[in-house]
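Here subunit A shows up in two complexes: once beside subunit B, once beside subunit C.
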Partner chain A sequence: MAETLYESVICPSCGCLCDDIDVVVADNKVKSIRNVCQWGINKFFFTKKFTSTVKRGRVERPMVRENNLVETDYETAVSRAVDILKRSRKPLVYGLTNSGYYAQNVALDIARVLKGWFEPRKAVLLSPYYSAMENSGFYIAPLDEVRNSADVIVYWGCNPVHSTPKHLARYSLYPRGRCKERGNLDRVVFTVDVAENELVRMSRKYLLVEPGADFIAMETMIKLLRNEKVEDYEGDIAAIQDMVQYMARSAYGAIFFGLGLSRNGNAVRNVETLMALVKELNRKTRFVIIPLYDDFNTNGAMQLLLRELGSPVPADFSCDHPADHGMPTLLENLHEIDAALVVGEDPFWSMPSEQSDLLKKIPIILIDPFWTRTTNKCQVVFPTAITGVEAEGIAYRMDGLPLKLRKVLETDYPSDEVILDDIYQRLSESF
Partner chain B sequence: MKIRIQGGRLYDPKNNLNGEEGDIFIEGEQIVDRTSTVDRTINVSGRAIMAGGIDIHSHVATYGLNLTRGIKCFYSPTEIGRIYAKMGYTHVNEPFMTQLTANYVHHELSSIPILDTSSFLVVNLMDIEEKIRSTKHLEEVEKALSLAVARAKAIGLKIYEPFVKYAQRKFIMRNVREKKVLKFFSSISKERIPRVIMHTYPKLLKREIENLGTYHFSHVGSVMDSEKDYEKVLTYMDGGASVDLGLFDFEENLKISTPKQTYGEICGSVDMGLSEPIIFSRGKTPEGEAPFLALKLALSEPLKRISFSTDSPVNASFQAYPKIFSWLMRAENRDNLFEKELPYFEYSLMDIARITRQNPADILGLDNKGHLGVGAEADIAIYDIDEDTRADELKDRFSDCAYLIKGGDIVIEDHEIVNDRPQKKTYYRGTELTDDEPARILTRYSTFRFENLKVDQVFTGKEVKL
Partner chain C sequence: MAKLSMYQLQKYLPKTDCKKCGFSCLGFANHLISRDVRPEDCPILLEPGYSESLAKLNELLGPGLDFEKEVTGLLIEPEKCNGCGICVVVCEINLEKSQEVESGRGPRFKDDVVLRIDNGRIKLVDPQSCRRADPSDYICRACVELCPTTAISLV
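Our next item is the complex of A and B:
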């Protein structure tokens, strides 16, 4: 059986978008794969994220709900989806962080033409990050420069071992860089989180904070950097002092943060304070800050919002100015929507029950390659090719650099971009 | 479509047309001598016809610029395309693209409607520090650089820092001084690298540079702080170098600069692996000689080697071009700008066509652009302007062209944009070299594999190889 080797494939499993994956394909199946992490294996072998021996159930044909979900042809599914969206007064277009950039772009156009909402997953954390730039500025660099120069790495509210497994090896702690020729021996890691994790052994100091109260530690650090008194801090002040000392003395530092900062609904305050800390650090040395994305194209959606609407907040096209609401997420007002188009996301797994209960009351159109908890609650389900494995696309790495995703397997499933475009074309004819 | 543009006055320095009345025939994407039949005749009697404008130096896709949109500092891609089109421009060149950010820059450029695009590749000399200390490795470096330009789909090579300077002191032995770097690039073969674009910074005007015909100096107006600097720029131009102006408009602008040149409120910084980060800030131009000397240079030199630029959006946003054209064309429009007296020289429409069309096209190597001759791209701007247009009307007339034809498609008709999705192209300089391996030395410290640093057409759209 003929084998084909695809070299330097981009891995579409997390925001690292590692480009060193070599895939051997035989009989249109991945036979072996090199340089890949656990998440990448699951992506290319279609297995479950935390139990990689178990195959994920593939949605094989489009389905529409009669009494139960019944299989149908693609055209019928598109017509049903278009009917639902046309009848909707205010639909939500949601998910899209595992889709290519152009699929995201079409989804934005659908929300625009329907005067609905457009919200990428994780907007609750990332919108505050981009919004905080207004006061604190942005401090970014390609990950290459972190690897080449950073001598202090801080992980705050995230665990790269689980969310972006090759981050430590390729971009931050271990790799040798232009000015860091000994790799991890030339670097120091600090971790801040609510509980101990795998990074304890790698970190010089591991700072524990109360869930959602990261901003207290950040404010303390800002005070220390300004040589102000910090008598009222109740946590591990010695660890904070050590961290601040190292950060201020470093030649170059990088802070990576994750969803941990959004605990207890404190995302905005935490992220704003972290950005203020980075601004303060940049008065003394060079520091960059980059969010860790565990979906591979979260950054693409944020870049799209900035490019098209000039704002990082989810778009509400029912208003004249879609970004004027200024909220990091629209999902808190989920009761206002009357239909949902969900792409590559499982809201019944990821949303809190008070939100997902509201979704049960409205028709949902789902575009997803696999069966999820959401599938059975939908009116229309489209199977789709997996972007980066079975379909091409563009994805933005966590540092904002785009890469072309290749396809290594042939499939008859349409890509999410094609499905969304078909829906958009039909909607455009009606409006 | 076959179009006849009838009765306008033609301004095209390359073909020595200085307001002569004439017809232009378009067939497909090109200007032709004559067509046997015509699908559409556009009567433009008395109006000025020029080739589409070419902006040689405008930061419209620099890495980090998208973030400034979130803080309302910059235009959306659609706005950029439409504003340029209304001003009669059909091509914009992004001056800051590195190998790492090439995909990003091209993706951003491809999202700008209407305009053809190109970009300069900024190489990090740290990657070849051991090869540029002498001319011993000249050929090897030439090959690597020309391949890097072609792989990044860039139109030219730009040196942002003509030195190697490590921020961390323990690497001081790897530093390379300006003198050596400038000597190296002065020796470079014009066949492989037709022109080296230099980022102009204050210290550069203190250096003695050989073989000046190799160089183009960007936005020289930004850094001329004294008459001595001004004289130095003239010396460079006498030696054969070309320049773009870097004129100012005295408004609050988004500035992209090194930390030392920063003023105003800082919006953020981007580390591109150079000796210093690139700072984005917002503010008004501080007082100094530079704005005066920049305009003086524009008004006192033969226009052969000068291209128009404002280092947009740094010294002036591209939206301010019509205002600056009105300053150049009528002395009364610039009377109150400075206390000191500027040379009395008023640009003709031919001069404007030269610095915004012909000269930028020559520097970018775009033989089929910037003129109205047979075989040229059918990029044509038609303005309600003649040599007698009143001084106070010039700005508005340049802001709002009557017709714009882009690649044979009518984009603006009677001052209205009627088609904002004409075909657009990315121009880049190719190479005759077939083996990419020499370029590998420039990617030693990249997180990307060598093959993934080659820009794919998915980012550029339709490509034109020069």
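Our next item is the complex of A and C:
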């Protein structure tokens, strides 16, 4: 049995897109794999996240609903999906954060042709981030630059140990850089979160804030940076003063923020205030801000929206100006939606019940490699190849660097891009 | 297995502090926990009157440790590990043996390193090269102190 070694494969799990994975493949199965974290290994062994002993059930064949889900051939499934989408007045195209850039591009075309609503997952966090750049400026750097130069690292509303496990060792605190030859001894970490986590042990100061009220701490920091008086802050003012002092004195700093900032629906205010803080810090020193997220191509969808429509907000093609509608939430729009095309995502697991209850009433077309909670509630299900393991694709790292994902396993399943392209071709013939 | 304390073991030692083994009885108990010595290294315990104590000590300490634990004193619990790779990056010997580790990348396939992430979990590949295997460098505990999930501890 011949073994093939694939060196420096890019891991398609989280936004880090680590490029140091070595995979040994024998008999078209992954035999062993090195330098991969527990989040990444589930992609190669088809197991559950952080539970590498539990296998996930693969969808074997395309299925359509006739009372129950019944297996059918690919052509029938595509025709059924096209029928559902053609009949709908405003369909939703959702998910896409586990697909390649070209698949996302075709999905955007489908939404455009159908005059639907295009929303990538995690847009709730990344849309305010890219929108705030308009006011605050473009403070971003490659992760390699952070590794080489950063002496202050701030984690705000995120826990990299769980969401992006190799981030600490690969890009931020522990690696040796060109100007930081002693690694973690040359750097200081500050963490801001609503509860204590694993970062307590490695942080200089651990600032606790109320859920969703991070902007109060940020505004206090901005005041301290401007040498204004702070009287009304109720939390740990000494920790904030220490943080501000360190940040202002540093030569180069990086702030990583996560989904914690979107608590209580305050994502826009929190992210905008954080960007204002970074702008204020950049008057004194050099600071960059980068988002942390757990689906590998979340940034790709944002780059696509910026490139195609010039705006990072979810696109509503039923209007004359698809990206010029403020920043409505998905919940406001779900009442108008009458069909959904979900790609590589499990909305009945990730969405709050008030949103997923609305989704139960409409026909759903699902493109996903595995059985999920959503599978049994769908009208049409397509099995697909896993991007980055069984299919090639382009993904954008958290700092905006595009990387080409390789294919290590052969499969008969079509990729997301092929399925979406077939649906798009049929739709464009009929419109 | 519950962690042993040196006072728990001292109860079964002769408590003569004769220092024939090189330590006081309490010190000998401490070295028993870190598996530097075996109960048979105490000459008094080998005398006929102490056979019950010797049997009890051997029962408490269990069978001989694995080779890697005996050499390095590191107790690795792979089920706790999330594969973050911090221990691989901070290990000084890894840095010497693989240039990639310096920039945070994992060691290459052919690199002969001490620690590496194998199938998503930490693995002590070459215990003989670990700094802790050398008695003069026994103080090194970078991987133990920086592990965020406490998957690596000292025996």
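By our rule, the second predicted complex is superposed on the first by the 426 of 431 C-alpha atoms of A that agree within 3 Å, B and C clash if a C-alpha of one lies under 4 Å from a C-alpha of the other, contacts with A are read in each partner's own complex, and residues count from 1 in each chain.
In this text, contacts are C-beta pairs under 8 Å (C-beta built on N, C-alpha and C of every residue); 3 or more make two chains touch, one makes a residue touch a chain.
None of these values were measured; they are calculated from a predicted model.
Annotation: superposed three-chain arrangement on subunit A; subunit B versus subunit C shows no clash, the two fitting side by side.
Residue contacts after overlaying the shared chain place A:D20 against subunit B and subunit C alike. Contacts of A:I140 after superposition on the shared chain: subunit B is touched, whereas subunit C is not.
Angle at the C-alpha centre of subunit A formed with the centres of subunit B and subunit C, after superposition on chain A: 110°, rounded to the nearest 10. In the superposition on chain A, A:C179 makes contact with subunit B only, while subunit C stays out of contact range. Contact with both subunit B and subunit C is seen for A:E7 once the two complexes are overlaid on the shared chain. After overlaying the two complexes on the shared chain, residue contacts for A:S415 are found with neither subunit B nor subunit C. Once the two structures are superposed, subunit B and subunit C can be ranked by residues of subunit A touched, with B on top. Within the superposed three-chain model, A:L168 lies in touch with subunit C and out of touch with subunit B [touch as defined at top]. Of all C-alpha pairs spanning subunit B and subunit C in the superposed arrangement, the closest lie 7 Å apart. When the two complexes are laid over each other on chain A, subunit A has residues 7, 19-20, 147, 170-171, 175, 177 in contact with both subunit B and subunit C. The touching residues of subunit A, counted against subunit B in their complex, run 7-8, 10, 19-20, 101, 130-131, 133-134, 137-145, 147-149, 170-171, 175, 177-179, 251-252, 282, 286, 288, 303, 306-312, 392, 394, 400-404.
Contact residues of subunit C toward subunit A in the complex are 81-86, 88-90, 95, 100, 102-109, 116-121, 146, 148-149. Across the complex, subunit A meets subunit C through its residues 5, 7, 19-22, 32-41, 50, 52, 147, 161-162, 165-166, 168-171, 174-177, 183-184, 198-199, 201-202. The part of subunit B that touches subunit A in the complex is made up of residues 63-64, 66-67, 69-72, 76-77, 100-101, 103-104, 107-108, 111, 126, 166-168, 171, 266-273, 277, 280, 445-449, 451-452, 456, 458-459.
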